[in-house]
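Below, chain A partners chain B and then partners chain C, in two separate complexes.
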Partner chain A sequence: MKTVKLAIFIGLFFISGLAGAAALSSYTFADQEEEQAFRELTAKIRCLVCQNQSLADSDAELANDLRREVYALWKEKKSEDEIVDFLVSRYGDFVLYDPPLKPSTYILWFGPFFLFLLGGYILSRTLKSKTEDKEVELTNEDQQRLKTLLDDDNENQEATK
Partner chain B sequence: MIEESKTPSRMRYLIPLFLFLIMAGFLLKGLFMDPRHIPSVLINKPAPEFNLPTLYDPEKTVSKESMKGKVWLLNVWASWCGACRAEHQVLNTIAGMKIVDIVGLDYKDEAVDGKRWLKQLGNPYTEVLVDKSGRTGIDFGVYGVPESFLIDGEGVIRHKFTGPLYYPDIKGTLIPLLEKIKEGAK
Partner chain C sequence: MIPEIGHFALVLSMCLAIAQAIFPLIGTMNNTPSWAALARPLAWGQALFLTIALGALTYAFLVNDFSVRYVASNSNTLLPTVYKISAVWGAHEGSLLLWAFFLGIWSAAIAVLSKGLTQEVVSRVLAVMGMVNAGFVSFMLFTSNPFERLFQIPAEGRDLNPLLQDIGLALHPPTLYLGYVGFSVAFGFAIAALIGGRLDASWARWSRPWTTAAWVWLTLGITIGSWWAYYELGWGGWWFWDPVENASFMPWIAGTALMHSLAVTEKRGAFRSWTLMLAILAFSLCLLGTFLVRSGVLTSVHAFAADPDRGIFILIFLLITIGGSLALYAWRAPSIFSGGRFDLISRESFLLGNNLLLTVFTFLVLFGTLAPLIYDALEWGKISVGFPWFNKMFLMVTPFLAVLIGFGPLMRWKRTDPKKLVKKLRIAMIVSVVIGLIAFLPAISTGSLLVPLGMFLVAWIITSHITAIIDRLKHKQGISHIFADLAGKGRSYYGMVVAHMGVAMFILGATMVSHHGVEKDLRMSPGESAEISAYRFKFEGVAHTPGPNYTANQGEFTIYLDGEVEAVLKPQKRTYFAQGRPMTEAAIDWGLTRDLYVSLGEDLGGGDWSVRLYYKPFVRWIWLGGLAMAIGGIICISDRRYRSKKEKKPQQAYTEAANTLVTEKS
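Up next, the complex of A and B:
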């Protein structure tokens, strides 16, 4: 029973891989390299219907249409930037998995580094104050107080004996 | 001496709690946000050019140019779209109020199905355009039907309704926008 389940699982695994490959099968390319480049470009673009799938993988109707448009531009020898601009001017930066660097995305790009530095600063300050604590010298007043406290304690202990 | 130094250090232990609350606040807000709602980049930009045949007379075409001077609502729909059925009654209501021209864009649909749909549910459109290939839809950044675009006399997109229009949208969004456009045109 276990082997059957495993076989089914492995079978499905390979079929799911084929589904992704089928998305590009209707297009013709001069060579493997060109196909690879086209796949890489479409893998950078988000399918707006099934948002966690790229244009290279998605079988949604809209993804099909957009792939057709991208392929047409590709065959016109448009540059990658021009093709990306075509999509961004219609669907916004959201079609790109990689958000572009601009003022509205600064917090996205630099936020983690800022938090990292802030964390480092807090850590170093905490460590420093901890080591400083150890080197605190007691004033005469403190010494006096410590002595009385310890004496009290000793007396109590003797009382319990 | 000792009591004094205790208070600020105790407050310091609350900092992570405050940071957590701030983060939780953002996450809570995120729960109520719709990731399917993608803000359109076309707002306050000229509508893309188009020239499409009409549903009832494929010989006749309507272009962006021919709509100039009119304030109109472009409603993207299809007979295969379930949400459009619910929205259709709202469109009929808007058409009955005669506050704005509604132009339908039958998106990736069969003409027969589109016509049957309008016969069954009523036709709120002053004109029905056909986008069989979905190419004009792409130019408008359509990623799911229904979507509606409010376009002013200059041919500028003023607002986009993503998803179906609901009755509250008429009073809440559409009428105020129409008034604003009217004021601006004066």
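Up next, the complex of A and C:
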């Protein structure tokens, strides 16, 4: 199915002319840590015109503009939270790859725990019933049938030899 | 003319698929052996006509028949021959044809390799596969026909998407599809068992090698896809939790659970319904993946169904298949975890834990993938669920799984003495905890708790498996027995060990590259150097180079380690004639302990270029791990006991007979 991803990428080409690189090269940073922090921030932001690419990886024109804006805010020493708030106020939660925790996303963040609890419940219940289960006792009749089944099998084996 | 033959063959294969879906099934129900016996010849016929169809389309590509719309959209006279062949499955219509073709091949394989099975089972399995293929081929004929003609024949084709002009992409879809389609066999066996009501251990035994084979292909397909994305997309990543990636990953997780559950069903006659459910789930996820990807629902939440007809067709198909099989399941399946008793510390209970974790994980990925769609549909606002969320979920599940893996091989069926178990694993535990603690050193951990955790798990999986092998050989005649064991029926055991080592290799690679990888975006002038990790990348400049169907700017980088030349890398920026789009072709110097990766960005004028440089430690281990998992699966399939039903040992016959009885009693 990944071929279709390619179809997506084609689409993306038409919009952006994806070049793969060249994203952050025109910005300057005090040190490597700062550059890394900026990269991590932009990696969590979605490029709005691309199909599924982060701001850090995209070369779409709009992504370039937005990146420049983020960089300007960054240089004004705005905190990460402030920058994220600004982006969300403009574009909504859609712009964030990491959905924020708020009432409408409780299901997304707490739902998994319920799934885990459910799994744990099934596990403990099954284990309980299985460890308490009695072995299936074979009646005489069963033994008899078992013998027939086995004999059949042996005969088959011999027949093939 | 040739495309019409292909078209005609496709129509015929649809007719045969419909016949295959109906007659053998009815034949098994009202005892008409002649109808039931139609299954094999029909499967043969279907495979034959689908081969003709695929051959016709391939021919159209090879002779540049641009009167066929699909060829005109995806090929070009200048396209190298190898990519003309891979272009056959380069887009929607052709990839569906490949899907259907593989289903035909799997059906034919069942027809040939099912000598040990009763006619009834073969007929039913093939009938189910016929239903699936009837759906797929009619989907193709009614909404996405690859043989559609153009009445103004273009002089030149639009060329294959440059991203696809690559060996990774030539291989990725076929392997992935073989896996997807392969799960239809497990599905067919499950449905046949439900129809027949004979849910004993024998269907699990028949289904096992087929399921493993499908899983092997899927593993390879995902691995190749990830590797391709890494070197071709120029972003240096190997997994992005993209919906399309998740679409292939979900059936893989469910399939992994299925393989383990099948072991319990075969050996102990237990978990029968659970196994059936997983078989249905795995195949449903393959179909769902196809729907998600093909309908365009998820690629962009803004545009529901790039082509609504296609989306709706698949959706209906999906509802019938999944709904129908679940209804059948609800009607026929016995209570979910049936079978004999076992202790808390036993192989059954640990495999149950493995299964529940994997199933929870499958649903987590499904939930995260569909969440944006659900939110949009319920008007809860638009959200994105990306890698940060998925990574958290992944990290919630995998450590538990990795811990269980270590115990698994030493566990016995029914009950294991916990004291003995701890005693056996004592050394493995101490060694892995020590390694985990060493990894807390700042130089190794880089301040993240995940590095010690990852290293602990890697060490744990390796040492516990070594312990298990030593233990196994001790019960036989010592180390020298290993070869006899390998030649004999121990093969599936060693296959498991190899596959589990693959998991350890994957964890090692993923942990290392995530925490020790370095990436730099730079503006570089010719002659300039940049330091990354211990390496010095010197940019020599960019020159023009011609290609068969593109021209390229080729950069040259000399990489030094301690003053010695380590590698010369030549990344390209290509412009394909037909589409005129720039493409980045990264250059990689690969190694077992590190990849050095360079990709060219923009020409900034005056000989300057923007470039991306990466140092990727142990990144190969991610794919080598995937490869090891696949090889492990192949070793398991090669186990003698799957090949010959006749060589059954009395003990096995006894178990099976007992299982049959137990099944009937419960």
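In the analysis below, the second predicted complex is superposed on the first by the 99 of 161 C-alpha atoms of A that agree within 3 Å, B and C clash if a C-alpha of one lies under 4 Å from a C-alpha of the other, contacts with A are read in each partner's own complex, and residues count from 1 in each chain.
The rule is simple: a contact is a pair of C-beta atoms (placed from the backbone, for glycine too) under 8 Å apart; a residue touches a chain by one contact, two chains touch by 3 or more.
What you see is a predicted model, and the numbers here were worked out from it, not measured in a lab.
Of the two partner chains placed around the shared chain by superposition, neither chain B nor chain C is touched by A:D31. In the overlay built on the shared chain, the residue A:V49 is in contact with chain B alone; chain C does not reach it.
In the superposed three-chain model, the partner touching more residues of chain A is C, compared with the other of chain B and chain C.
In the overlay built on the shared chain, the residue A:D81 is in contact with neither chain B nor chain C.
In the superposition on chain A, contact of A:D65 is made with chain B only, not with chain C. Of the two partner chains placed by the overlay, only chain B lies in contact with A:R90; chain C stays clear of it. Common to the chain B-facing and chain C-facing surfaces of chain A are residues 51, 92, 94. Across the interface of their complex, chain A is touched by residues 35-36, 38-42, 48, 108, 133-135, 137-141, 143-144 of chain B.
Against chain C, the residues of chain A that register as touching in their complex are 1-10, 13, 17-26, 35, 39, 44, 46, 51-52, 54, 57, 59, 92-99, 104-105, 108, 111-112, 115-116, 118-120, 122-123, 126-127, 129-136, 138, 142, 145-146, 149-150, 153-154, 156-157, 160. Within the complex formed with chain A, the chain C residues making contact are 89-92, 95, 161, 163-164, 169, 172-173, 176, 180, 225, 233-235, 240, 242-245, 247-248, 289-290, 293-294, 299-300, 337, 340-344, 348-349, 352-353, 356-357, 359-360, 363-364, 367-368, 371, 375, 380-389, 393, 396, 519-523, 573, 581-582, 584, 586, 599-602, 604, 610-612, 646, 648, 650, 653-654, 657-658, 660-662, 665-666.
The touching residues of chain A, counted against chain B in their complex, run 48-49, 51, 61-62, 65-66, 69, 88-92, 94.
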